[in-house]
């Protein structure tokens, strides 16, 4: 009975999807936790400090050699942080708009995870007819889906700012929505050029194209640059962290938040970083492919290898995110908007036109699928 | 029970009427504006359904246009409402009284 | 598995209507922000209906443009203006009843019209043409419908100029 | 350019010339207006006497295609028959007189003469037009000038009200009449508003009787209002009372006649069945004009209102002649039209002079003026005697013909008319004469002046001479009018053979003579 | 694709973009000259851009349709000339008015050009999609133009009202288009015309059609979609109001002509009573409400409603004669309304009030302005020898005979005549104020600069030309309506003569 049920393609589809969702979710949560650690470590490195190096459960120090090393690496710090968030008093100020105050963190964090659904983490796990693509939802309009979901992320921040019913969070919320909408445009336009080259919106096909023809960053360096910078703005990371900029707005939209609700915003920010990195890897850096590993995997091990390649590239991008944060000063708000509207958008448009012209001249009209 | 075109159309019509009700009953310009968006969306749903069941894409192209127009309309409309608010400190249709007999 | 998609239809349709109702006539709150948020939800569930109708591109655009941009701007403005008046105004019950009656009458007529027009058993006969994918949609958009497309591009320019004119500070 | 076209165009061209002159050159403007209207008067006289009497049909025929399209065909078509010849003559004369008496206008005289010349040109065009569209077109040209003239140069506190009243009444009437004309265009099947085309087409295939009735009633009530048909008359006395002299002269004298003119020209010849069925209405309503307006005139203490009401009473004779539907009656109508044109113009010119000198039109405040202004007084006596229907004046001939013509079908009304016209008219006219000219000369009236010099006397003399001329030589006019009138009567009494005309309550159709 | 068909539209679009760009390099004190340049450009386009129509041509064919969504025929050319002429005069008006704008002078010119572009496309729409796009371009541009004086509360409120009601009309129309598309499986006018026999029994199609017509009724301000007109007319800047009254209205009418007579003539014939009722109500509403008005612009708003009613008479007649009457009437309306608004612009510059009482003494201050204003009032009232009279004549002529078969037309006729008489009252009220209105305080003469003079001259000549020599325009409008195929309703046929 189980056999027959499992041979039904729909059930199979649902089952595999569930597994993939669970795995991705688990992995990303772990990544988030350790991204925080990496952030602290990198910042410590850049500022010539040590970083977290002593939090540990009592028994770990007892383990010889490995134990002290792990503690010094701060490997347990994220757990302690998580525990702190859970145990801290969940304080809700009296004057906030309750419903939205509660909803906002959830709304902020969900889109970040939904984005990951269309990203092809690897080629496929095994060859043959039963091969599962390493992507949760293989949509033909994948990138649009991503942008759609990403754009929903604004709501969390805007609502958080508004529902806090106090000055600084509100300013932070307004700033961030303006900033995110503005840079979404530049971001969206920068990837149009990529689609012009590939001729498809499906992320899997984009990666396959790169596997065959080389990485997109070679074809579209301008687009990559635009996307990278926009991604910083979209994730509200330094140098574009206007919504929170502590020195002006206390803490921005999450000033009034504490405990687990604050943790959710935190989670959202890092999940967004991961999603952006994954997206950049997929669009510009060849996804799971390497110059000499172009073909989709024919075996389980090949599939795992591709997965590994993808994760490695993604980690590099994550480190870039973190590194930039500690290297560059914060922009002024008007400079930020100026950069977005008067530099990036025209640049992205020009890039599209140039790309289209080159394509038309080189290949003639009507290329693509 | 199979879902047919009529199901979609009924949903669309109901949505349209909800929007219309909002326009008639609500007094806040912004909410009225949202109700109008609802009406446009009802038209979008009907167009997509017709497009699917008539087996061509013309309706979907139309939806594309409608979304574009709606975006433009909202942009202009909201800036106008902001201008109104700056001038009159209200966004309430009953306060729009400077043009009367 | 047709029953599954049918089920999805009823779920999405129900949600669309419910959220739509809560947007225009929320009995609990007359706060414009609530309306806006329910409108966002309506739009998202409608995108689900679009997917069921194989209009993938439009489903994405619907979320991207409506939910992601248009409604954010809405929210933005509502918050900037911080409207509280609606709450303290009394409802005009006569107008409300009249509105309900008129609109439900219209709804009855239209529903009758759409249900009477076609045999209810009309089945899905969607071929490959009606798949709302990007490429075919783009082709038809840029070939057959180029003219309205260009007109709307000018419309967007007009909207842009208009917004700037209407909202920028007076430069004297 | 032909004589007729020159006649019509002269006032308009003069108006254009005046338009080009700066407004502060008042003397130049007035001279130009006098020149233009004087030339028009000469042309009108020449035309009248060059019209070959005793022959039916139209002379001086001029036509040009104006609009020619599948949806509409209109011609510019002017021509003159006996009726029009008489009307054109008096129009030209009254027009000149009106310009001549307008020396009192001091404010915005440029605009005044412009408007006045427009009215004159419009009236000339209306009487000359054979195409009904152009008739309407020219006739309506007077509407706006009347409104502005009453408002700007009018007298009295109520002039705005009067201006509105006259405008609204006249427009409403004209529009109803226009409806009738349009219906005629379509129903006749001629697809033309040219009178000749219409006659030709109607002779071939008469209009359906029901449609005839509709058109006829539209025309009677629509254009009847323009004439002051009771009970749609109340605009007239008040309007004239408030209007400046020249406007009142032209309006009461000339423009009013346009309504009668179109009834004669259109309603009678083209709609014989409707005439048979409905002409009694005119017979009944004219009693209202004769008696009601007569009695109202009797009660007036204001000279202008008295003249206005008496002119309405005179229109009763014209309607009565129309209702008679025979050659004598119709001829009489035309005679009344022509003579009353001169009479009304003269009356208002005199009243204007009196008002200008005495500062009032209240009969009770005047008196003993004959000694102070012998010329004006004399003309006034002549004028009012003519108004009473004394033999020797043009009115006598017209009223008598009407009474003779109507006796056949409408004896009761004729008796009423004779009584009203002669007795009532006599009473109020003579009483007014006494109050103005005889008796004590009051203190405030010491400074009044008579019309001295040729230029001041000319308009009065001209009009009075006209009255006398047609009174003494009525045949000059009758010879020209009679053929046209017989043609009208012949057509108006040729019933559609196939159409079963229901017996009207009072059948007034008399056999053609 | 024959792009030469779109020559006029392309040129106007280029002109609009050019003005927008030129603003960047032109110093503020010379921006008014951009308006002159735009007017000159439009004049050039007017004279060289339009070629003669030899045959009906189409462009941009949608999948599944046999003809294109853009049509180039005599009707569209008639209206293109109309719109271009209106655009030229409005441009001159805008220049005269422009010193009342604090910012964005050249953008005003540019937006006017884009509104004009929308109208040009509306004249050539042969598909509901193109119609929708063109109308939206017009609507949204006018939202901006109407609220252009944003330091005046009235202007902003006018913009908001136009925005909300315009968006409502758009939404209704869009839903209607959706239903039409669904039931006909096409949005092409010619295809629907061919299929109208089957569609006439389809309730979805009829509901959709009714909704589309509702959207168009908003444009022309016909009952029951008229409420916006007075407020918007009163609050908007005068040039915008003028263009709204002439251009936007005419765009609505050309589309009504195409849809009612060119797409679904059979259904129109069945609905003729509805048209009669709407025309009558529109006339009555406009005429009656105009009586107590004190603001000239608001008066023009009601007058525009009443005039829409008269124009609808041509539709109610369901005949080519009626359609030709509509064209002619619009031609006269163009000159008349623009003359009024030119005068109004000048007066607003000098008195800062559009109250009728502020016209007092105009007869002395500027005989030219007084004369032109009076002439346009006379023309609006429909009195010879001006354009308005001949237009009303044509329209009345188209229904007089129908009353015999169908008494409803007699009622319409009576209402129309009543409306004219009422309208006389309020139009002549303006003349009265001009020539003998009391309370004139300032009697200083009003100087006129040359663009105003040009505009006034053109308008007055146009009024007289159409009134005294109507042949040319009648000859233009007759072939223009040949492309339409109205069918008189059966009730008017059965007792054929």
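Each chain gets a letter, A, B, C, D and E, in the order it is written, and its residues are counted from 1.
Methods note: a contact is a pair of C-beta atoms (placed from the backbone, for glycine too) under 8 Å apart; a residue touches a chain by one contact, two chains touch by 3 or more.
Note that the coordinates shown come from a computational prediction; the quantities given were computed from them, not determined experimentally.
Note on connectivity: the fewest chain-to-chain touch steps from chain A to chain C number 1. Contact with both chain A and chain E is made by C.
Relative to chain C, the most remote chain by averaged C-alpha coordinates is D. Taking each chain's centre as the mean of its C-alpha atoms, the one that lies farthest from the centre of chain B is D.
Summed over C-beta pairs in contact, the chain pair with the top total is B-C.
Centrality by Cα centroid goes to chain E.
Between chain B and chain E the centroid-to-centroid distance comes to 26 Å (mean Cα coordinates, whole Å). Chain A and chain D have Cα centroids separated by 94 Å.
Note on chain placement: the centre of chain B and the centre of chain D lie 63 Å apart, centres being C-alpha means.
Centroids of chain A and chain B (each the mean of its C-alpha atoms) stand 34 Å apart. Residue numbers of chain C whose C-beta contacts span two or more other chains: 57, 61, 69, 73, 80, 110, 114, 118, 140, 144-145, 148, 152, 155, 158-159, 162, 166. Contact of a single residue of chain B with at least two other chains is seen at positions 5, 9, 16, 19, 33, 44, 49, 53-54, 56-58, 61, 65, 69, 72-73, 76, 80-81, 83.
Residue positions of chain D in touch with at least two other chains are not found. Under the contact rule defined at the top, the touching pairs of chains are A-C, B-C, B-E, C-E, D-E.
Remark: chain E residues 320-321, 324-325, 363-364, 367, 374, 378, 383-385, 389, 393-394, 396-397, 400-401, 404, 413, 417, 420-421, 424-425, 428, 431-432, 435-436, 470-471, 474-475, 478 touch chain D in the complex. If you check the complex, the residues on chain E that touch chain C are 6, 13, 16, 20, 59-63, 69-70, 102-104, 107, 110-111, 114, 117-118, 121, 129-130, 132-134, 136-137, 140-141, 143-144, 147-148, 150-151, 179, 183, 202-207.
Listing the residues of chain A that touch chain C in their complex gives 10, 100, 139-141, 144-145, 147-152, 154-155, 158-159, 161-162, 170, 173-174, 177-178, 181, 184, 200-201, 368-369. Residues of chain B that touch chain C in their complex: 1-11, 13-22, 24-28, 30-31, 33-35, 37-38, 41, 44-45, 48-49, 51-58, 60-61, 63-65, 67-76, 78-83, 85, 90-92. Contacts from chain C toward chain E in the complex involve residues 109-110, 112-114, 116-118, 140, 144-148, 151-152, 154-155, 157-159, 161-162, 165-166, 168, 170-172.
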